[in-house]
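By letter and in written order, the chains are A, B, C and D; residue numbering begins at 1 in each of them.
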């Protein structure tokens, strides 16, 4: 990374210490870049410091990062991201609403990301994807070991070199070996207000419990099903007239909106993972 | 119940059958009362029929009920309620927000119910209750068996002849023997979006899970803690800057609003219990 | 309309009178159809009665309508609609989010309606529409009188014989002569929480006023811009960090969800127009 | 202000310039105080910079302020507030819900403020206030010039030396001479989603327009009725079954919650006024 003139995002997280903001902001000031926005947070429980700074201006990035590394604790993470479109690969199964929404957003530049490819474990969504001139790969899971199936997908995924994977109602559990290769870079949409209704058929569970609000949760995928760090959640009211079918229909709108909002945060480098939680500088 | 001229609410629930609405509405039409509103619902799963009709006008109620009983299935429930203030006894522990809200609503006729008495298992809320010239009974649970304590409260409750009991952040579990005496007539406010975070310290649980929305649930009390029929729920957004303490503070506003809204529905005879769910004609 | 065996919706509105529910429900009971749901409302201000009954079963519809007409007031409207897909023609200009959302819903049977054609006053959205194998008509308004332009569109519209027109961010005012031909059958999405921010650039107006919530409104089109009967509204929180551009981006999700929800109500015959308001049996 | 050891809030606003965050945070770092949270914002339109820093630790405040004044633009505002309870005087008329809510919050330390006195232009709310052992002053407006009446209140207000005035459903317009004495320090709750339904009877206006959502707005009072900087807003859904009376009832819960939330922000020094908008560091 040499000299540049565009917009950049500096992402720092490290154990908290006195003067971190002073040091970082002075380092940027001395290099005469123009800070556009600045967000910090210290987790009171873990004592960890998070900072996101958006700036424009010409500076030598290698030199800046080097200087920052010398002034911050050894165990910290420092990253300088160019403000640019991220590359996504989407996994899906049969339902078109989340995938369709992402395809239209991507096609019309409403998402700061490009969908490089879609992988389906069923053929259903192929025609939808192809309307948008995006490669669709069918990787059937039939008669395959879970790990073999996942690694078959991974081989395809790697050819696209994506920044993030998106599970747009992909209805199979991914094995730890797969998840490990995209740690904190796989975004899933779960069709319930987690931690309520973990697992299969959340709308059926919600119907049976007689809840008056249903919801959706976008989260990073970890090895524990539906238990990864939550990025965003939203809800919609229901009542006794709803069946599990009409709950599912009402829930779809929340699912696609929450997934898109979470992705918008993620691809704009606004989300830090902090233990099993997220710090979101929205 | 003889002839009356005011407003009444007819509540019917029974196994569904063809012609129920026709029969009931014709029975009312023939008696020349004025139907003000009419709501029906058939639960598609249980095949149970629910109907709430508000009417005004002079008719012989005993005769009307008798006629309806002859035309509806044997196993049905028919009830004719005068549209009048209900009597409440409130149980509370230490937190003033829900109780205070109910006291002010009751004092200023914003709740179609009168608070006849408040029972506390601690002395804390006595002074607040007494401001409103309402009897406060301290029934300490210290050194008492759970059932003995509950029945000591029940003895006091019965002297007030309440229509409903309200648990306004009453922080102890009630034994089945107590609950049985007010079946589907005890309204509790739980400080989470059930079924998420059942039991103690839901805000701590919510904080630890890193959710982005918290909520509150008003429900009827059954023998299973936090598992009774849900009457109403609402939520409020939170983010990484919230601690379990500030979540609790934000949640209080939802708790008191949801409890008051649920009570408003209950005391206006708008809530049927249907299995472990509610049918709410709001 | 002769004998049928499927699902039907009976829609009645007339001046209120005693016994209307009894008469209608008895008429249906006598014909042995199976009532699936029943909703009524009497507007307390106008004294007008609205009733929507969904039923299944074999009966002679002409005979039923004839019988109902004899028992209801002369000035009433009685309509028996088959529960079937409605035909839509969509008008749009440049923004793809609402149109794209409708195209995907329609393609995947998530909307009880088919999009027969899309008319654009600009060429922008043609490629999106054509992905879905739906006719796109460009009717440029350049150098045309407003009425001439509208009537040119009307000529095309009529060839598709639509039940409803949808303005999916169609950014021109339609003349009264056009509106008159689809009275209470044109659904518009306005990108503000009406009646706030009527007219052009509502997000700019919202930004300048410094509101903390923005919204969208779906309404029937009348001769008065943005003043027709409101079908549905929803909102999304904003804060000082939003510009009119990011408000617009956040608002798009509400716009498309509200439009789709309103259309879902309209095409399922759940919306009555009552003066300048709607009665929505959701 | 000499040496202190508690928690403080540093509030800065000035024209934006490069290095402001670096300068301020370095000044604090050099004085070895402990920064608890830090929030900044630059208004892209006005180019104005806002910063709120909460810190603990021993330092000489006069010296710190002096140093900051030398390093920031001349036209800036710098304020160092002790984190302590603010003093409020509340004005009200007849409705008890907002006032009652504030009284209970204040009595139970749920609001970082003390209600020093309540002034009513009617006698109605006196008994409620007196339950809480807070002075109630009746200042009738009958047969009085608007300005005379306002200044009679102001004379009483000044004896309490309040930080902020709260209009808790005070139903009269205050003259500019009154407002000028508490510039950006009078918080009003308006019972609509501003800018919709400015002025009298917003629920009646909302009912007549047939909106599907109603709301409430807390704002600072300026000379233009209902047009001051908005601090917070919230909404609640309604439908065709609501009358202006039941809208008003539903709206009360939003009114009191929004007012309390706005006050919580204001008394914790989290709100800057920026032109006719607010910057809220929540």
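Quick note on the criterion: a contact is a pair of C-beta atoms (placed from the backbone, for glycine too) under 8 Å apart; a residue touches a chain by one contact, two chains touch by 3 or more.
Note that the structure is predicted; figures quoted are calculated from it, not measured.
Novice: From chain A, which chain is the farthest off, judged by mean CA positions?
Specialist: B
Novice: More C-beta pairs touching across which pair, A-D or C-D?
Specialist: When the contacts at A-D and C-D are counted, C-D has more.
Novice: Measure off the straight-line distance from the CA centroid of chain A to the CA centroid of chain D, and report it in whole Å.
Specialist: 37
Novice: With chain centres defined as C-alpha means, what is the inter-centre distance between chain C and chain D in Å?
Specialist: 41
Novice: Which positions in chain D are in touch with at least two other chains?
Specialist: Each of 37, 41, 241 in chain D touches at least two other chains.
Novice: Over in the complex, which chain D residues touch chain A? Could you list them?
Specialist: It is residues 18-19, 21-23, 25-26, 28-29, 32, 34-38, 40-42, 237 of chain D that touch chain A.
Novice: State the interface residues of chain C toward chain A in the complex, per the touch definition above.
Specialist: 96-97, 100-101, 104-105, 107-108, 110, 128, 131-132, 241, 249, 252-253, 257, 260-261
Novice: In their shared complex, at which residues does chain D touch chain C?
Specialist: 41, 43-44, 193-197, 209-213, 215, 229-235, 239-241, 243, 274, 276-280, 282
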